[in-house]
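Think of it as A, B, C and D in the order they're written, each chain with its own count starting at 1.
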Amino acid sequence: MRTQALLLASVAVPLFGAACFLLATLRPRPGWRLTAWVSPACAALSLGAAIALAVVRSGHGPVTALGGLVRADSLSEFMLIVIGAVGLLATAASPAWLNAEIAARRASPRAAAKHSALVQLFLAAMAAAVLTASLGLTWVAIEATTIVTAFLVGQRKTRQAVEAAWKYVMICSTGIALALLGLLVLNAAAAHAGLPAGLDWTRLVAAAPHLNRGVTRIAVALLLIGFGTKAGLAPLHAWLPDAHGQAPAPVSALMSGVLLSVAMYAILRVKVIADLALGTEYTRTLLLILALASLLLAASLLISQRDYKRMLAYSSIEHMGLLALGAAAGSPLAVAAVLLHMLGHGLAKGSLFISAGRVLQLTGTHRIDRVSGLASRAPLLAGCLGLGILALLGFPPFSLFASELGIARAGFASGLGWVTTVALALVLVIAAMLLTHVSRMLLGPAPAATEGGLAAGAAPPQAGTERASTASVIQNGSVATLAPPAIYAAETAKPAAMFPDSGLLPVVVALAACAVLGVYAGPVTTLLHAAAQAVVTP
Amino acid sequence: MSPATPALAAAHSASRFWPGIGAHWGLTWPALAGAGTLALITALFSLAVPRRWRAVVSGAGTALTGLAGAAAGVAAVTGHRSPTLSVPGVLPLSGVTLAVDPLGGWFIAVTGAVAVAVGSYAIGYQGRAASRPSAAVLPLFVASLLAVPAAASAVTLLACWELMALTSLLLVLAEHKRRPEVAVAARWYAIMTHLGLVCVLAGLMLFAAHARGDSFAALARAAPHLSPAVKSTVFVLVLVGFGSKAGLVPLHAWLPRAHPEAPSHVSALMSAAMVNLGLYGLIRVGSGLLGGGSAWWWLLLIALGAVSAVYGILQAAMSTDVKRLLGCSTTENMGLACVGIGAGGLFATTGHPVLAGLALAAALLHVATHAAFKTLLFLAAGSVLHAAGTRDLDALGGLRRGMPATTLAFGWGALAASALPPGTAFVSEWLLVQALIHGLHGASTATAITLPLAVSAVALTAGLAVATFVKAFGTGFLAKPRSAGAAAAHESPGSMLAGMGLAGAACAILALVPGAVLPAIGRAVAAAEVAAASGAGGVVTLRLDGLAGEVSPLLLTVALLIVMVAAAAWLRALPARSARRKARLWDCGGGPLTARMEYTATSFAEPLQRVFDDVLAPETDLDVTHHDEARYLVASAEYRGRVPDRIERRLYEPVLRAVGAWGDAARRLAPGSVHRYLGYGFYAVAGLLIVLAVTR
Amino acid sequence: MNALGVTGGVLQAVIVTGGAPVLTGVMRQVRARLEGRAGQGIRQPWRDLRKLLRKEAITPEGTSELFRLAPLVLLATTFTAAVTVPFVTTASAAGPVADLFAVVALLAMGTATLALAALDTGTAFGGMGASREMTILALVEPTLLVSVFALSVRAGSTNLAAIVAATVHDPVRVISPASLLAAVALGVVTIAETGRIPVDNPATHLELTMVHEAMILEYAGPDLALIELASSMRLVVFLGMLSSLFLPWGIATALTPLALAGGVAAFAAKVTLLGAALAAGEVFMAKIRLFRVPELLAGSFLLALLAVASSYFLTGPNL
Amino acid sequence: MNHTAFVELLNLACGALLVTAVLILWRRQLAAIIRWFTVQGLALTAIAAIIAVDGHDARLGAIAAGVFALRVIALPLLLRRALARAEADGGGRALRETSPLVNVTASLLAAAVLTLLAYAVSRPVVQLTPASPAAHAIPIGLAVALIGFFALVTRRRAMSQLASFLLMDNGITAVGLLTTAGTSLIMELGISLDVLFAAAVLQVLTSRVRDTFGHADLDELRELRD
């Protein structure tokens, strides 16, 4: 009973949060200051619930609730933890971000409340997706995430935002519709194999060997492409850079950090059934094609990338490709590495998107070549960005090193030597390009525009983190307000001054967590292996 | 490793007061653990303490870390056994395995000793300007350097390797706000080091996949049963990976960039300690784990080494940036060491254990000597930069007045580097040449063709090294100052001099009594499974075991000193002497000589540049502007000349261009049209369905 | 290191130091006669030295201790070589020093020090001379070591004493192609290292051509005397090495007065002959341009390499 | 009702499904497209109803009702309102699909090819239950889905792309119905709600696109590119 309560909490808490925010929007003048902190609170609660669930249930079998509609095994619990962790990161960073937006008159308190409500719904939908006991309901939940996030992507009603939202909804719905088709076909096969309706995961796995091969092949292909769309895998990846580029920073963090992983979760589940029904070769081939295509695409488009948020988005495509590669390898080690990679990537990419959001607020431009000398203008921000990128490239002590190494090991060990080598080469190109672009943004002397900034930054060395730099921005903001070009500086000056670092605190914590995980995962490791067992073909 | 001995004694006493340590933990682990803890504590404190104390804390902590590391290394090479540590919890999914054998111990000891000198130097060099990150990362870098040779599984090696890369990258970035070149250099370094990592990773993982286990023990056990194709693939991959770290041509491109732009104490650590680990990897994997393999591996390594040596020293001879010069000379010395390693492997595979031991011993000794004198040189160059504000030899000169101690240090280092007796490198290169020469007996034809060429490469390298360092010392420190900065140069603070002094002392010991370290090298060679022992021994006189050959640098030096003293005394004893008189230099009667009339470094190197015209392909352009009245009257003539890195021109630029073209072409994949995007999916689905319909 | 060697060392010290200027005198005389001049007599170099040693020591302005130390180092290196290389007896005074590489490096050390001293003056002449000398040194090194390689293959060691002993025991080897090629190569090296025509002209003071002279332009008095002495000794050492390596006949193998006397006489005779031949050759040759020198050295390098090759291929792999 | 009649009716409905799909692909008038879409919804309802009646399956009957509510009433209503607003903005002119990326003839041929592909691919599914006449109609559903996807790729107007998406969805639903493998009601409900909401979201976005980009066609939404 207690476990079931915990189980439902991770869906119910965000729903409650959403309700609070919706009420807040109803009030004529929402008291924003206070309500802003509801969402981090909810996220923290659900993360706590997830961890508690994992602790309570460890050692016992899966728990079910709502008459078998909801079930949690180790894999779902791990996914809940991923969602909770990244959700906490994103929501903890959003008050500062939203305040800055409000202060810059780009959003009203009501819009902010609406935004927070949608974010909570988004979190609830993702939690539901990993908790439901049946493939069908997982599909429903994943499609629900698209609907919820559509307005988040298009929140800023600019041309680009609308364009991004349209592409996002159109492409994702199409892809997910393909998954629906596959799902129905699989359902037919299951029915023919004598399964009751409902596409229950465990029943499917149990009956998988009896599924009709021909039908399952079609179903699996469609399911992989369909869920692959949502996971940002080629060929239907194109929504990702646009949506991630246009969505508000915390939302990009959530989408890139967890949404993709949730879709990958569905793929992992489907893979088990497929392997049992068709043997490992079929899914492995499909996944390898998707993986290499995604990696190649990410590498090609990162080379002459000019927009730093799109750059991060393409790097997400790369990492999803790596996950697909690991899934293709399919050994227990590979799957454990894939799961750890989900967590590490979620934390790192979330931090990066939030930092990128700060950069956007500070400089007012998406262009890489218009941002320079960040390290001397905003050392803390630059540090977060730089360390985040290093984490993303898989440098130790960050956990992505351990997971990428695991994936590579598993790849070579399961006879995918050549593919893994090609993937490594592509990853090298991507790493080179990320380093190049980011170092252009971070390094070098501060641009001439902020000469005063440099002075201010240099004057108080001890306290010379964000505060000094924002001081500089105010300075040249206020001097430059008369001059039209630097208007954005005048705008960003105020919020930056009002909220020095609070927006980056979660980022620092998340990166630290990522590093700790990379050195010593402790109990997480056991959970990882248990979760891996859940989706490794026996 | 002079600085290490007290620490070793300390470890001894520790084991006495703390029974059990010495017993089953050996001396190595406590020392290494101490090093790690010290590094972490130092890092935290450097973050915490106010700017005034930062440099002191980080420098002293680094020195102590190095001391502990050196103690561990010395304990290992003096034959103290230590158990293999296995920590499954750390590094998720893989776990960490550590072990220190004499081979690893040798590199650990060298690294630790370098770190001691660098640490005490860093106190003065960082000074008030010490930024929080670089002060905190310095000890961590040293710790990671110490950890790499202690790794006993492929995954652990890779983890330590990447930590080393990360920390060094952060240190290279230290001065990026002052010079834009730093960012460029860091970019090159990061990308090349990542390339190296990918190759090592692929090689080791392939190896581990075939060995069904990634601990070195498992790899070594499986090696004999592997197919030659797999073994060769692994070797070539790790050769590329480790070679890029060792700065072997053509993967050296990062080296002459990163070394000049990094802070000098970091350059010293990178050049004297980090690049060695590339060699360590080659020895460990090539000889130790793969167990020899086929002869062509080693012939290839010899060829690479020879080319790197000659090319590196040529670049050094041409360069006028003193730190770039030192960087290129690092490539040279790594090349020489690779010739030794290659020869060792070659002789081991062709069944000449004595020669194999000798060659590898030469390589290992050269690693140590190079570490000693390159530390000294970089530290001295650093204090020049610190004092005169420039690294350009053409703008230096006359430093001997302002900074006599630094001049002495650089001179001693230059002598050591140019392989002249009683210089440090003389002994190791002598051993190397001995090994090569004796290898001709009963060699196969390929070997018989390779060895003389290798010898001549080594000889040419030695000759050019003399020219290079005469240029560096002569134009940089002697003669007249060529710029205001050089004229105003002042001596560095005591801590920096102390660092240089330690390095200089190490140089002296290795130069005069190299025999003292030969037993340790012998154990290392045995651990590398190349030969039973180093093929040389003796303390005062170095004798080859089983071969005719002996040299005694100590005797040589003593003889020189005696003769000099005698001659000086004789001069004094001459009749009808009056005191020395000062006199004007011969200025051809026209006014006093100015600094502008001196030979610069560029002009000094000009004859060599002409000789090696075809290799270096120097670029010169001359614009002459005439008077409008008469085209025979020259108004002004401007001459510009530079010696670009040829390999970079021929190898890297095309690749970079190709990648750029690829990127621009690929941008057409994302034109922004939703129809195109959906089309990708549609065609993919249709194609897939067709395939499914056709195949059953 | 044995009695024979020590005795030889002492004798060599005396002979080389005392005889080197005489050799220079002889060579100048030979040239003079061949050019139809009367010449100054073979003792002239000694007279010059005495005069220089009597003069007061001069320190050019702005030069450092290194400038003053250089002559001593030069003398010391040359003298040490002169003592340890087996000229008179097959044994060396100090075996561990008589390694061929050690000797070569020792002599190079002297040259390098002189080059530094030249740079120390800061005059254009000094720089020019140093730069040229270093270039030649760098290019000579490969030839030298590879021909040493060729010779050592014969004896299985690079220790001079061992090589000489081996040659004495088996004189036929001298006419093996390997050793002939090596001899020619070493001859060229000797010319380059001792700064004789056609590489350098010891008698010139023309900016465009001088190498060695440009380096020592600022020296005067006793310092100059030391340098002159050292360079003439250097010539003797090189010629002596040639003689001991390729025509070691008459060299003393036993510690008997007769043998020693014979050794001394043979050494003197050989070196004088070689010197005379060198001088005679110089009469018929002109100095070549500095940038043609590499061609000459490349040629000698080729010969040395061929020497190694032949020592391997003509005698078969298993020597 | 006897079996032959059942088969006849079923085939008739399926034929209607396919024909309407082709007509939707053919016509340019958005109003007409919506009309035919409604008809297709009816066909779909018919299929569900026929199978329900034949199998005396109350659950399927309920589903049929749901399909009717969603695809004959809700979605067309939604589309019509969007169209009406669009035409109001456009000054009352009847809104036409500007020439699609692939001209009508070519797209009709493509539709033919896709239908054949659908038949080829879905053979295994058909052979799963060779006895049931419904199963034999599965290729039609797949064909409609593919045609919908094709239209999605080629249609320029936001409105018509939305319609094509719904067409594709109809096809998929048809497959679901024809496999006669029951799915749990809650799943059906979820799926239908998702479709409805997706359509609603897209309809809102359509008006936003119109507000921000005017009557431009979707191919001009190219500000986000590399």
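Assume a contact is a pair of C-beta atoms (placed from the backbone, for glycine too) under 8 Å apart; a residue touches a chain by one contact, two chains touch by 3 or more.
Since the model is a prediction, treat every value here as computed from it, not as a measurement.
Considered apart from chain B, the assembly falls into separate touching groups, namely A, D | C. Using mean Cα coordinates as chain centres, the one most removed from chain B is D.
Ranked by the number of C-beta pairs in contact, the top chain pair here is B-C. For this pair, chain B with chain D, the centres built from the Cα atoms lie 69 Å apart. Centre-to-centre spacing of chain C and chain D amounts to 100 Å, using the average Cα coordinate of each chain. Computed centre separation for the pair chain A/chain B is 42 angstrom, with centres defined by C-alpha atoms. Here the CA centre of chain B is 36 Å from the CA centre of chain C. Chain A has residues 166-167, 170, 174, 214, 217-218, 241, 301, 304 in contact with two or more other chains.
Within chain B, residues 666-667, 669-670, 674, 678, 681, 685, 689, 692 each touch two or more of the remaining chains. Within chain C, not a single residue touches two or more of the remaining chains.
All chain pairs that touch, listed by label, are A-B, A-D, B-C, B-D. Across the interface of their complex, chain B is touched by residues 166-167, 170-171, 174-175, 178, 214, 217-218, 221-222, 225, 229, 234-236, 238-239, 241, 297, 300-304, 333, 336-337, 340, 373, 375-376, 383, 390, 393-397, 399, 401-403, 405-406, 408-409, 411-413, 417, 420-421, 424-425, 427-429, 431-432, 435-436, 439-440, 443-446, 461-462, 517-522, 524-525, 528 of chain A. The touching residues of chain C, counted against chain B in their complex, run 53-54, 56-62, 64, 66, 69, 72-73, 75-77, 79-80, 83-84, 94-97, 99, 101-102, 105-106, 108-109, 112, 115-116, 119-128, 130-132, 134-135, 137-142, 144-146, 149, 152-153, 155-159, 162, 217-218, 220, 222, 226, 290-291, 294, 301, 305, 308-309, 311-313, 317-319.
Chain contact summary for the complex, chain D toward chain B: residues 101, 114, 117, 120-121, 123, 146, 149-150, 152-154, 156, 161, 218-219, 221-226. Within the complex formed with chain A, the residues of chain D that make contact are 121-125, 127-129, 142, 145, 149, 152, 158, 161, 165, 168-169, 172, 175-176, 179-184, 186-187, 190-191, 193-194, 197-198, 201-202, 205, 208-209, 212-213, 218, 221, 223-224, 226. Across the complex, chain D is touched by residues 666-667, 669-675, 678-679, 681-682, 685-686, 689-690, 692-693 of chain B.
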